[in-house]
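Each chain gets a letter, A, B, C and D, in the order it is written, and its residues are counted from 1.
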Amino acid sequence: MIKVGIVGGTGYTGVELLRLLARHPHAELRVITSRSEAGQPVSGMFPSLRGVVDLAFSEPSDDALVGCDVVFFATPHGVAMAQAPGLVAAGVRVIDLAADFRLKSPAEFERWYKMPHSALSLLEEAVYGLPEVNREAIRSARVVGMPGCYPTAMQLGLLPVLEPASGGLVEPEGIIADCKSGVSGAGRKAEVGTLLAEAGDNFKAYGVAGHRHWPETEQGLAAIAGRRVGLTFVPHLLPMIRGIHATLYARLTDAGREADFQALYESRYRDEPFVDVMPPGSTPETRSVRASNMVRIAVHRPPGSDLLMVLAVEDNLVKGASGQAVQVMNLMFDLPETAGLLHVPVLP
Amino acid sequence: MIKVGIVGGTGYTGVELLRLLARHPHAELRVITSRSEAGQPVSGMFPSLRGVVDLAFSEPSDDALVGCDVVFFATPHGVAMAQAPGLVAAGVRVIDLAADFRLKSPAEFERWYKMPHSALSLLEEAVYGLPEVNREAIRSARVVGMPGCYPTAMQLGLLPVLEPASGGLVEPEGIIADCKSGVSGAGRKAEVGTLLAEAGDNFKAYGVAGHRHWPETEQGLAAIAGRRVGLTFVPHLLPMIRGIHATLYARLTDAGREADFQALYESRYRDEPFVDVMPPGSTPETRSVRASNMVRIAVHRPPGSDLLMVLAVEDNLVKGASGQAVQVMNLMFDLPETAGLLHVPVLP
Amino acid sequence: MIKVGIVGGTGYTGVELLRLLARHPHAELRVITSRSEAGQPVSGMFPSLRGVVDLAFSEPSDDALVGCDVVFFATPHGVAMAQAPGLVAAGVRVIDLAADFRLKSPAEFERWYKMPHSALSLLEEAVYGLPEVNREAIRSARVVGMPGCYPTAMQLGLLPVLEPASGGLVEPEGIIADCKSGVSGAGRKAEVGTLLAEAGDNFKAYGVAGHRHWPETEQGLAAIAGRRVGLTFVPHLLPMIRGIHATLYARLTDAGREADFQALYESRYRDEPFVDVMPPGSTPETRSVRASNMVRIAVHRPPGSDLLMVLAVEDNLVKGASGQAVQVMNLMFDLPETAGLLHVPVLP
Amino acid sequence: MIKVGIVGGTGYTGVELLRLLARHPHAELRVITSRSEAGQPVSGMFPSLRGVVDLAFSEPSDDALVGCDVVFFATPHGVAMAQAPGLVAAGVRVIDLAADFRLKSPAEFERWYKMPHSALSLLEEAVYGLPEVNREAIRSARVVGMPGCYPTAMQLGLLPVLEPASGGLVEPEGIIADCKSGVSGAGRKAEVGTLLAEAGDNFKAYGVAGHRHWPETEQGLAAIAGRRVGLTFVPHLLPMIRGIHATLYARLTDAGREADFQALYESRYRDEPFVDVMPPGSTPETRSVRASNMVRIAVHRPPGSDLLMVLAVEDNLVKGASGQAVQVMNLMFDLPETAGLLHVPVLP
């Protein structure tokens, strides 16, 4: 059994990790830390875990964590980069669900997260935890920076047409990602803006002047494409809890006008256990992946246009965060990639 | 035009007062105070008021307020009792939407609100602002303590059968009020428990060990009945924004078994502009009063039981708070009682 | 008082017309027809109208309608074109909220609505009821075809940059309208897809192969621009009741790169009573116009792009349907344009 | 592997059975019938099952079903009693999620379901599928009538105090069950009343003149108590999809005033795998059991009253329907009772 520690188990990605790992056939939860809740049973804060998780939150010291094989950070930005060097030195592998190891450029990190990066050599070796792109590198990684929720949906939606192998079917500039997310993406934080009385029965765009997931996605798309990709990313807040829907628009090249995108996507994702390319004409809905690690994708050529449109849905807390992190753990420890992740989506 | 001031205009009862007063034919908004937002235009915080309210929030000093005819307090508990004496001495009439002037006993106030009462003589003269019970006293009041949202629904639901004139049709002990409220009743406060991701798609009871609206309602019911009334009050939190539904159960006396409750309720409320007794067999829904000052009530005799059941719905921010406060203002200033309050409920 | 008839008052645009007209200072409801509900009191179906609307539904014959000054059709497509000729001949003016008089081309109508048009000469004279574009023509119209909900938001969002007077700031081809609507837009029809258990807590695109509001909007934009406009329209279904959010993307021309779009929009809409251009950097939210006739618009230049992005929100049942129809009625009868339409949006 | 057939797999209890059985370690789905969808792949109707269930719906004939070990009926009332006799004669065991085998009295069945019972001898031998009451009888049953969703919550909430062994702690007359359910309980049927635009953002009671779950629960409580129990049952409709909350009130006897109900409940349910008695003072929330087979219960003595109050939550589609049916299947086939049912609730 893999011995697992979680730093910061009181947020939504933390409780989702607990949901997934508590029933994982090859993982054993050993430590869950929380400065504010130390000593409290985890199931006192999350009654859904009564009878499932018997641990109490412990102080976030390294002592217990160094006995783990892997430690997940489900913390605010800045925590993982402070603790990861010591853990890695002690032979513990680190999976960070925050942003500390997402952006490869320390300058970009500082620009977007307003703090200098304090673990530069680990940042350099860290692997970006998108299995569909970096599967082999993840297997041997000591530190993995997990993709953000929006970036996962956008990159998986655009990957097949941006890979050079596809032959330049869309313009790599001027891509538009009109994305919509449930409020759990904002985390379990006391804020007025995500109160039910504010965000319920309501819809709006936000972060249009520049969202932190924008540079991450541009970086990821550039890595995929082997060249700069120009992206406009507009996030919107949905009056619901879980789910991201990305509506992606790219202009076709001459070659693209003749292409069979359905076949391209089906071919590219044929062996991916967590990416489902739906039949032609489909409009995937967020609930079709609720509480599961699946991404569902549909490709369209809107009538009267010169566009490729891709629709992609994921559960932002699963494939967009904790599920993908478990998928990465499976890869790192040579477990079946789908171990503990075969939940059937909850519908209705 | 009545010159109106509002202390504490940044919460939900505040913005609802603004919605109602901005279109009131006989009222003129003069001052809206907020310590935290002083200097900011009101419509910057509430874009729904763009082009409707041109005022900016001002510092909560008395200077501007003393030029008003009436000042509403839409503040946390404790603010009105500090400021009201000065305002009343200056000839300003006070309508408090918080709890400072609800409970007649200073000891009870201190027990439930954890602070001593600092305006005892005003408390003694304050009138409880439930027009259906205290209409005449309200007309001449200098200080009115507005009922809470739940207490309004419970008292209006039980009033006809508890008034001595009805002749003792139900047992005054053992009344059960199973109440359900939308989350706007919790106010516009940054708290985890009322996040959309927590309170959405979820339902639970709360405050079962003793909610502040319990002593208030028992006091009100006793005043109506002319004797002690025993009430069990169980509030629940609905995954929606506006609306309270009270399901009220009272055991019948021998006289009650023969009574025509439908006729009793229709008769009692015939002349009330904001209480609608629905036809026999009705189940009122909260949206039927959404954004309006109406209460709708249905009376039932559940099959196989010895109970009277009353269903009552209101919009907690209107008849349960700001609308009823405007109704009280209308009475205090000899305006038509329905002035500015004839909104048609918003359905769907 | 304008004598008003409504054909088909049992759907959402019907009940919204009733909400607005019942308190209109210059209109008097005379007839509301419904074949299925004839004889039933309107307030029995819609308890929100108890004490507000005293009429009963009547059979949909012309006899009562010819005594009206104006008749609104809030019916399925095809009803208005059957009844309008007789009414117009009798001197009654007609405002159709369905699609019978939207598309100017009978062939396009037949293609999208699967029925031949049966009132061709009325179709030819009918005016498209978008006051911001056709105010003067509306004043004297005998028949007005009201815009659809999505088309209203899209046209008002794009109008200032497509009018020739603005000087060609965006490319008229390749415009993308990523739109999101609450479920009331689907009407009050028993269908599985809009059940709460299906459409709640869920999000998806729909109608991507071609939605009926697409040709209508392309027609309207072409009329505005004086040339063909190429539009990709992708509607999505929001898990909420009221509200439309249009996120509009247009590529800048060279002239557009230097333009001050904020000033352009503010100037264009300065005198429009129901269009609010928000300050720079705003992200309008649907609740800011809930239950009101306002449209709020914000203009953006997304970072790193060559795009103009416009965000527009409306209440699909008010400015997107019944409110705009009342605005049109006001124009047709020389009433103040805002009469009966000054509702403050309901927030929260 | 148990060979499983499902009759009527297109409703919510059907798709929930599929979710649970598709991952069940000892069950194999063999047949899913639907007259209206015959020939269609199941995952075409429910994209959440893509890659999970490969079957297509088949015609509802008995031929394929007789090869199964067990057949679940997830159908409208009346179907199971028509088909069960033939299946049972063929050695197939039957689990009916509809009401055909709930009420022991044919007369009561006919009164509440408006059809005569057509399988009287099977009705007589049928076992009521509440494992916490009838575990041993279920093991050997040929036909099991599964409890309704509300009756499961009510009976499990009241069981410990109504069993004679507890010694008469509450009055068996005058029990009140104020229950609230998400809309999935109404099924996947095209009806106006459960549209998102009708049932969303809204709350009301319904069925107050007599709900079909009332006689079933009175029958079950009487079987538990060994005497008649008088129940007032008031269902309410919650603006959410899954979850039932029962708020139960019973008057204490003299003995009850001295009782330790917390200890009683904990003792009674100590060995029950799917009933969780929460710590004193708890208020269980529906999401704490979302998508799981758990019931959570809290017991209270409301202040100032002579009442026992029990709060019970369940997922109406799992413990209230399909999960409990799988639990019953496990018992019938000597599998571990929790097999395939250890899902961690989905929170948030």
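By our rule, contacts are C-beta pairs under 8 Å (C-beta built on N, C-alpha and C of every residue); 3 or more make two chains touch, one makes a residue touch a chain.
Quick caveat: nothing in here was measured; it's all calculated off a predicted structure.
The chain pair with the larger count of C-beta pairs in contact, out of B-D and C-D, is B-D. Summarising the inter-chain layout, the chain whose CA centre lies farthest from the centre of subunit D is C.
Averaged Cα coordinates give subunit A a centre that lies 37 Å from the centre of subunit D. Each chain gets a centre from the mean of its Cα atoms; for subunit C and subunit D, those two points are 45 Å apart. Separating the CA-averaged centres of subunit B and subunit D is a span of 39 Å. Among the residues of subunit A, those touching two or more other chains are numbered 12, 184, 188, 197-198, 200-201, 239-242, 284-285, 287, 290, 348. The touching residues of subunit A, counted against subunit D in their complex, run 12, 15, 18-19, 22-23, 46-52, 184, 188, 201, 241-242, 276, 278, 282, 284-285, 287-292, 296, 317, 342-348.
If you check the complex, the residues on subunit D that touch subunit B are 174, 176, 178, 180, 197-198, 200-206, 208-210, 214, 230-232, 234, 236, 238-243, 245, 247, 249, 251, 281, 283-287, 290, 300, 302-307, 309, 311, 313, 348.
If you check the complex, the residues on subunit B that touch subunit A are 12, 182-184, 186, 188-192, 194-201, 239-241.
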